[in-house]
Structures are given as C-alpha cells and as structure tokens.
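Read the structure below first, then the notes.
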C-alpha cells in the first residue's frame, strides 16, 4: 500500500519547522495535513508554510488531534505541554511523535505513557541522535557482536556555547536538559539498562550558571545491567564548536565515532596542518538524523511495528537524569531504584 | 523580489530526475513548471512527477522552450541533442542549464555558444564537481592566496566499475567521457588555462575496452598558463569504490581533499583499524553539489550575474579532452593550439 | 663541563637492560660504570653486557652504591627492594633513578623520601610516560595556556593482554599496578593535585582475576585542586593491542594524543580502509620515553637542577591508587585526605 | 656464527657519521674498525669518534681497504670518488656499501659494476628510502598481491627548502640529484622496470636555479614493463616541510603512505583543528631507514645472500634520471633504450 501517513504538526518553532520540512521533502511516505501554532505566530507560520503548499494552519492543536484525516501527530510545542498533548492524542487514537522529554517529572511521564498504553497507539520519542549514521553504525557493530560484549562506553558531548543562565533556571539543570541525550545514547549503544549513576558537576565557564544552581561542566559514570560502565563528559562551551563523539569498547574490539566537519580539506602551511572544526551545532550535525527518525517512525506506522524509540526510552532517560542530579548534589553513587 | 525562477526540464532520466527533485526541494528560489520526456517514458514520468505536484509533462521539448511562463530550461537529454536544444533555447530567450558536454565536437559546441552569445541569454554547463564543498574550499584557498601561487595540482578520479565496452564505443573515449570532469577541475582549482597536454593510456582492466579502441587507465599531465603543472590519474575500476581526491600545492602550502564516507566510525579489532570505504558513486558523492549548482545558477539568474560555469568552460574542457586523445595516440605532448 | 655521569644499574631484567642500552647509546652525557644482578643471573648478564663493553658486573648492589667512581644509581630491581636501596643510595650520597613505585605502602615510601631529603640527593621516579613526545606536547599546550585552563582530562589506558591471575595477587591490584601510571599522567597533564577519587571496577575478562580480589576493567573519576575533572578508563585486554590515549579539554580548546602505529600506511580494498593496530605494548610504544627520561635525569644532574619527576610524584600517585582501591571497594568517592 | 662484520667507513661527513653511529649502536652484528677522512678534518673526526671507542682514524682510505681485519667498506665520501673506491674495494675483496649514486655518468657506473662482478664481492647502494617502514609495508602489500597487480604508482617528494643555486650547478640537476630517489622508489614499489619517461620541469621557486640550467619543480611520468604507470611530483620547497608520500593503486585496492610527524597530537581551538607538520627533513624522516639498510646489508653479508639494493639498482635509476633530463629538455617521452 502506497498511501502516505498524514501528519499534524503541533508547534512551528525551530524544531517543528525542521520536522515539517523533512515530512514534506525527505520522508517519501509522509505528508503534512496541518500545523498548529500559537495565535501570535499564525501569520508568520502561514507565510512560511506556503512553500510546502500547506494551507491548514490552526491555532488550536485539538483541531488537528480530532481531525479524522490525520493519522499521526508530531508534538513540537514546549515541554510542559507534551504530556497532556500525548494523552489527548492517545484518546483520539492518533500515532504520536513527541519531542523529548515527555515531561520533566516522573509522575507526569508515567501518566502519559499509561494513556498511550491504554489506547494502544504508537509513540516515538524524539531522541534523534540514535538516527545519526555514525552512532547507528556503532549500535549495529554492538548488535552483531562485531566488537563483542560492551565493556566500556564513552560519550563526549560538548556544546559550542552555554545557554543564558536564565534558561538554565527553568531547564531542570544540565542533566535533564543536556546529558539526557547522552543517557539515552548510553542505553542505545549498549543495549542495556542503567542501574547506578555517579555524577560530578562543576562551574568553570559561567558563574551565573552556578548561581542558578546548575553546573556547566560534568562527568558522569553509569553502571549498566550487562556489566559495562559508561562515562559521559559534558561541557557547555567547547571553544572549537559542537563536540559529539562516542566509543564502545568491547571484548573483541572498539568502535569510535568522531565529529563531522563541513569539508575534509586538509591545509598544510608553515603554521601546521589544519582541518575543519566540527559542524557548528545540532541543526547541522544532526540534520540527517532528524529526517531519519521520521522516516523510521513513518515506516513503523506503515508496517504496524514498534517505533524505534519508545515511551519507556523517554522514561528511563528521565530517571537517569534525576538520579544524576541527586548524585551530583549528594556526592555519592545513586541507584536508579532510589528514584523510582 | 521573491519570485521564483520557473524551470522546464528536458529529459527525466537519472540526472534529470535529480535536477527536478533538487529544484523542488533544495533550491528555494526555483520551481519546476514542466518536464519533457520521450513518448515511451511519458507514463512513468507522469507517475513519478506526482509527488512533486508537477502536472505539465510533455513529449515535445519545444512546448517548454516556447512556453512564456518558463524562465529557464535544464537540458538533461542525451548528449547529441544538447547543442540543438541550446540553440533553440537561445533563440527563445531562455536561460539555459545544460548537462555536460555541450557536444563531443568543437564545431557543434562553437555553434551553440555563438547562438547563446548572439541571444545574450545565460548558460551554465553542468560541471557539478565545482560545487562540491571540498573542492570549492580548495578553490577558495587558492583564490585567497592562502596557499600562495599554485605550483602542482593533483587530481585522482577513479570509478568503482567500468562501463560496458559497448558504451565506451560511443562515448568518445575515456578522456571525453570521464577525464573531462578532471580537466574542468584543473582549470577550476588553478584558475588558469591549460596550454599543453601529455596523456598516457593503458588497458589493464577490461581487454574489451581496449578492443573498442579506448583505455581504462590513464595518467595525464597538463601544463597551465600560470606556470603550474597538473597531474590527473584515472581508473575505470577502483576495488574500494569511487575515489575522488584533489590537491593543490602552492608556494605557501598545500590543500588536499580526501574522499567522503558514509560514516566516520573507526573499528579497531585484532585484524586492524578499519574505516568506511568512500561513498560508492557519483550520486552519493556529489549529491550536495547537484543541488548547489542549481542554487548558484538560480541565484545568478535572479541577480543577472554571470553563471559560475560558462559555455567557454564547456568548450575548454572539450579542447583539452581532444588534445589528450591525440596525445595518447601519438605518444607526445600536444598543445591546445593544435586542436583549435 | 663535558664529563659524563657514571651510572650503576641495579637489576638487569627487562627494564634494567633497556636502561643500560639507553645509557650507553642514547644518553650522550651518561655511561654505565657497573651493573648488579642476582647471583643466578650473573653469567647471562656478563655475556649480554659485553656488547656495551661493561665489565664491572657484581652480585651485591652495595658494591655499586659504595663505589666512589659512580655518580648515580638506577634502581631496576623488584619493587620490594626499592625503598631500602633508595635509603642506601641516599646515605651514600648517590643520585637516584628509581623505577616506579617506590613502594606499595605509604609508610615505606615516606621513609625512603625522608632519607633522600635528609641526604640532599637527587631522586627521579620512573614515570616514563611523561617523556612520551605526544603527552609531553599536551603538557606544553597546557602550560603555555594554548588550550586555556584545563576543564576535563581523559585518559585511556588499555593493555593488550591481562597478566596471570597469580601476578595480580601480589601486584596490589589494578589501581596500584596499572592505573598508577594514569594517576601520574593526570597530575602531569593538569599540573594540579588530585583531591578526591571515585573508582568503579569490574571483572569482565578473566574470572580468575576476580577470584584473586582484583578487577580487570575500571573507570576512575578524579577531582583536581584546579577545578578540573579527570576520567580514566582501563582494561586489561584490548583485542587490538595497547591503547594509550589522552585528551585535555580546556577553556580555549582541546588537545588529544592518539595511538602510535608501526606504519601510517592505509590500505583500501573491497573490504574497507584499514590502517595499523597500535604499537603492541609498552616497550615499543614508550621506547622513546625510556631514553628521554634518562636524558632529562642526566641533564638535571649535570645542571644541578630538580629532576623532572620527584619523590613526591611517586608518593602522590600511590596515595591516589590507595584511595581508588578504597573507593571501588566501598562504592563511594574517597578524599585523598582520608588515606594520608 | 656470532662474529661481527667489521666495517671501515670512508668519509665522516654528515652521512658518514650517521652510518658510524648506526653501525655502533643499531646494527648488533656490525662494528666499526676504522674511519678515513680528509687530512683537514682528521682532528675533529678523532675527537668525535672517541665516544664510540674508535681509535683507528686515517686519512688514506686505502689503509682501510687493504686492512685484512676489515670485512666491509662503507663509502660515504663525495660522489666523484665513489666509482674508483668501489673498484679498489672490489679488487681488495671487500664487501661494499656505497652511498648513492655510484657515479653521475653511465660509463663510470658500468666500470665500477664490472669490477664488482669480476671480483664477486657484495655491493649495496644506499637507497635508504626502501628501508622506511611505510614504503617497505607498501612493497610487501604489492609482493603479496594484497592490492593485486599495480596499475598506478604515485610518489610525492618535496624538500623543505631548495639548495643554493651553486650546488645545483654541480649536482647534475633535479632529476639526478633529487628525483633519483623517486625513480628507485618507483622500481622498488612496482617490482618492475621503467621503459619510458616523460618529464616536465619548471622554475617557480628560485630564478637562480633556472639560470643555473635546472628546474625547481617537476612532474615525471614513468611507463613500466608490467604495464603500470608511475607519476612523481617534486618541489624544491614545500612551505610545510618535507613531504614524502607514496601510493600504489592496484587491481585489488590501494595502499598509501602518509608523512610522519613528531607527535600525533591534535589541537582543536576556535581557529581550527591542527596537527603537526611532517618531520622536517631526511635525517629525521628517514632515521630508521638509515639503520635498517645497514642491518639488512650486514645480514646479507652474514648469510652470504644478495644485498637488498644492488649495483644494477644504482645503474637503472641513473638511466632513468638521464632519460628524464633529456625528456624535459626535448619535451617528449624518452625511452630508456635511447640512453643506454
């Protein structure tokens, strides 16, 4: 059957627009049947949507959720709306693609997941980095046992510039806001569950971040159920740009992903041999992964199979982030079971 | 002015479809107003064009060329039709994007270029590799004198698999069919004109190619007007895939472009440390350049500026290819002035 | 003054012979005036020493220590003899180069260091990795502030094959036996002192190592006085050989050292693109550093300056190793002040 | 038999001293029994030789050549003395290691080789680059057919700085003085003989070199008997240092050797990602190869086998260099048979 999956997209901010563009251009089996955006941004959204030929632009997301012509909803609105929108979608029987996180607290997350389960609808959480070709390749090498059983997992994740301290106040802190991607990556690459977390945070970049009660530099050690150990290092500011690397060291070998660059040109002069800095930030670095996550979601809907990132994946990363926050504050390893 | 350039596309084979897709999705200032394709392929083309919402599919290219709603024509039909279509477009006052080569003989090429000049229309020839980010970066380093005056230019261009010997018979031979891209690259990277060619060809891969009067392996030395020397090496079959590299060595340093790969994952095992083979062939390797050449062409039309690859660029590469063919046959350096 | 420093070498096992060879061939200002070795190995040692023209081979190290013609003693005998030999050398007024560790317990170490201080002799501990050109380069980049203030330090240290479980029983465990080099590297690269340790150990390679009460895989987090955090990952068996890498991430940038390989040849075939595995083990990998540490020690003696690795460096690494052992056993971060 | 080969070394200039040091320190089966040097340099040579314990320093090379205690002579004196010294050594029944070239003309070279053949002594010519681990590895990959039959060979050889134009006048020109190493490398890597040469030279760096009748930049194409083609590019001045790379592209794959560097440290800052320039010049770059060529020569003498670089290797490279000079002057391909 070649019929396309018809998406309604809630929220046309930066990430929502990326998803609309991908659904229109890079996901052959999908199309966008409507977009909702807050009243104030409707005119700009309508203007922008013209080039995709999308005319159905509304201010009330329920219009899309209750539209019988729409198969799936992509939730790209602010975090605090996610859980309620998931519940509404589930009740309306829609398939759901939701940006991460589902919520910043466990109870709300569970509530949403229960609604999904009860309704029996499909839900995929937007951990897009899983769809990056480099990391996906490492995952395959683990799954095929090409590098044996995982022993040590290393993830480097450093941003090019810190967010304003203001933002940090409401974000839940570095572990919920930034490291949560790496927690998901640890689970993804290892194929195992985290059981214990030791987190160390420091303020080395912007004292205002410290005054807001957060860290700007962090190192986290995860113990996993399969016996492996994962180390994550985070910084809010890498002078050379966005640093996103990972390594899985296993019983038969090791697989490493390096940074992607705009070109691979190498320039040799009297000063040295120089190559490009990494792609600047997540929009460039993960461009391909944003398209791929929607292709895979759409494919799962068409096949009726389980989406590749589940609601439980969203919950687990949240639990690890909460445990990490507790660990850094209390300066001791914290078991996941403590924060359940 | 935000109005889009309206393209008619002649020929919806492999390269024509790539151009249509790029014009629809990756060139914001362009749109496709019609496609022509030979009668036999009309139904398949119509079916395929649906997803882009293109309904104007015709069998006679003149319908597009004479359509007052069309601003520019992309010529993607077989080589032997290029020159006449260029002339028709010129006479109709259309801007022209033409796949390389304009023609396989000099007279026909000149005739087409004269029509273009007489009509005063814009013409861009499809030397897409100039728009590859790696090679473009090297060009910039030359232009900004970051590596000084060019002294030695090296281009490696090896295909993953040879064409059938049948194809080779009609292609004009390796220098016209394959090396012509490298001849253009030499001019592009150096910013200078070729004055003399020494070409050496051999048959090491497929004796049938030799029986068809062609070579499957070649090394070519070009002398350029700015005093630099360029070396090109070609093979019809690299066991590891599509090998596309270049280096410009100048008075202040050197710039090298390496192959692009699907991922940058490095796998270390007891067997060694292994990375990906190059992207397999030109569709993957030059994907970005196919979009960029049309963005730049469209931008030139909107600005009324000279397109970045001119008709003369098409002519010069043809002359070099003809001189190379003569050189390989006569085993002596051949001046470009000899083949004018 | 061009007079050479005359060395007596105690112990002509694997490392002792390397030092003799370097002192003879690669340290222009040094010469070997005598070697001591246990009685049983005297004949073999004498035979081996011929090629260096060394005739003074004795079984009693005190013969060398009390020899007025000898300026410096290199202690290369088993660990449990180090402290007493240091004391004897100090009392005899000899300069001392001692293989690491000084001792496996703090008291004995302190006792030796006090003797050294009292006698006012020079002592260098054999943390040879500091003299590796890669790591030395990173140290310089930190010292010159080229990468700013250190924020995160990462050290990967994996052996090609585990020692016999028997050996592990007497070695003091992975943190004293293997990670101690990395603890020193953390102090060296950061230029700061470790204040707290969190260590996680697991048994993933050889159950016999676990039965002997040790780990074969470990991840350690160090907090340093300058605010930076260091992560070390260890494995007793990397399938691809000896893995020795380090990174310092600082406020202005990052510096990384990769593995050294026998050649830099890259082989591209239908199977992939393959390069060499790392140099197999420490003798090959650190060959240059073994010579350099003795050149620098000799230079310090000639200049009367402080040797580049001090007795305190030996003590600090021991304290960190003891704290790490405690941390792994008690599953909590341990302050260095707890183990003083 | 463990007896050492006793060398006499003629000439204690830069290269002679390297050989003496290697024979003393890095060739276990060799020792230096005497050195000859011109009268004026005798005192400095004697002083220098002390550290190796070599007392037999003479001004007349015949003293060494006629010394019955000497097994082999290393000829490290100026080029114009090589042939006569080879003849004298051959008549005295000594094994001969001779720096390249044997002579700058064919007749003199043949005369020397005939004397060697008549006397039945062993002769090795100092093409040290064959013993570089990178190039040796490529040779092995060709010999084992790991990359199949060679199709294209590429050699890049660029010096960090040009010699004085004065030197160039007496050197025989770039092809005899510099490219001759690359001609030998082409034969070594391919395992085949050169049949035809096309050489292109230009003067882009120092006009004085042009006035002296030589080139400072050159590109050379060699046709080989096995059907492969080799391309060499030379420059007398690479701004970034000594550039020594090679690639063999064969029917089953490709093997490439890159430059060696002092460290492998990669520094990422806001300016870019920078690594070391290549090792500065031949003494650093080929340090290991200078030791290895003497180990292999010594081993050949001990085993009575053919040395790895023969007199014919010296002759062939000379013939190619002469043909290249002729080709560049006459601007046409020149067959080796023309210069026999």
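A few notes on this one:
For reference, chains read A, B, C and D in written order, and residue numbers begin at 1 within each chain.
Throughout what follows, a residue touches a chain if its C-beta (ideal position, glycine included) is under 8 Å from a C-beta of that chain, and two chains touch if they have at least 3 such contacts.
Remember, it's a predicted structure, so these values are computed and weren't measured experimentally.
More C-beta pairs touch across one of A-C and B-C than the other; that pair is A-C.
At the far end from subunit D, in terms of centres built from Cα atoms, lies A.
Between subunit B and subunit C, the centres computed from C-alpha atoms are 58 Å apart.
Averaging Cα coordinates per chain places subunit A and subunit C 43 Å apart. Contact with two or more other chains is made by residues 238-240, 243, 252-254, 268-270 of subunit B. Residues of subunit B touching subunit C in their complex: 238-240, 243, 268-277. Every residue of subunit A that touches subunit C in the complex is listed here, in rising order: 148-149, 151-152, 154, 156, 158, 198, 200, 202, 204-205, 217, 219, 221, 223, 227-229, 231, 233, 235, 237-240, 243, 249, 251-254, 331-333. By the touch criterion stated above, subunit B contacts subunit A in their complex at residues 25-26, 28, 51, 53, 133-134, 137-138, 141, 146-147, 252-260, 262-270.
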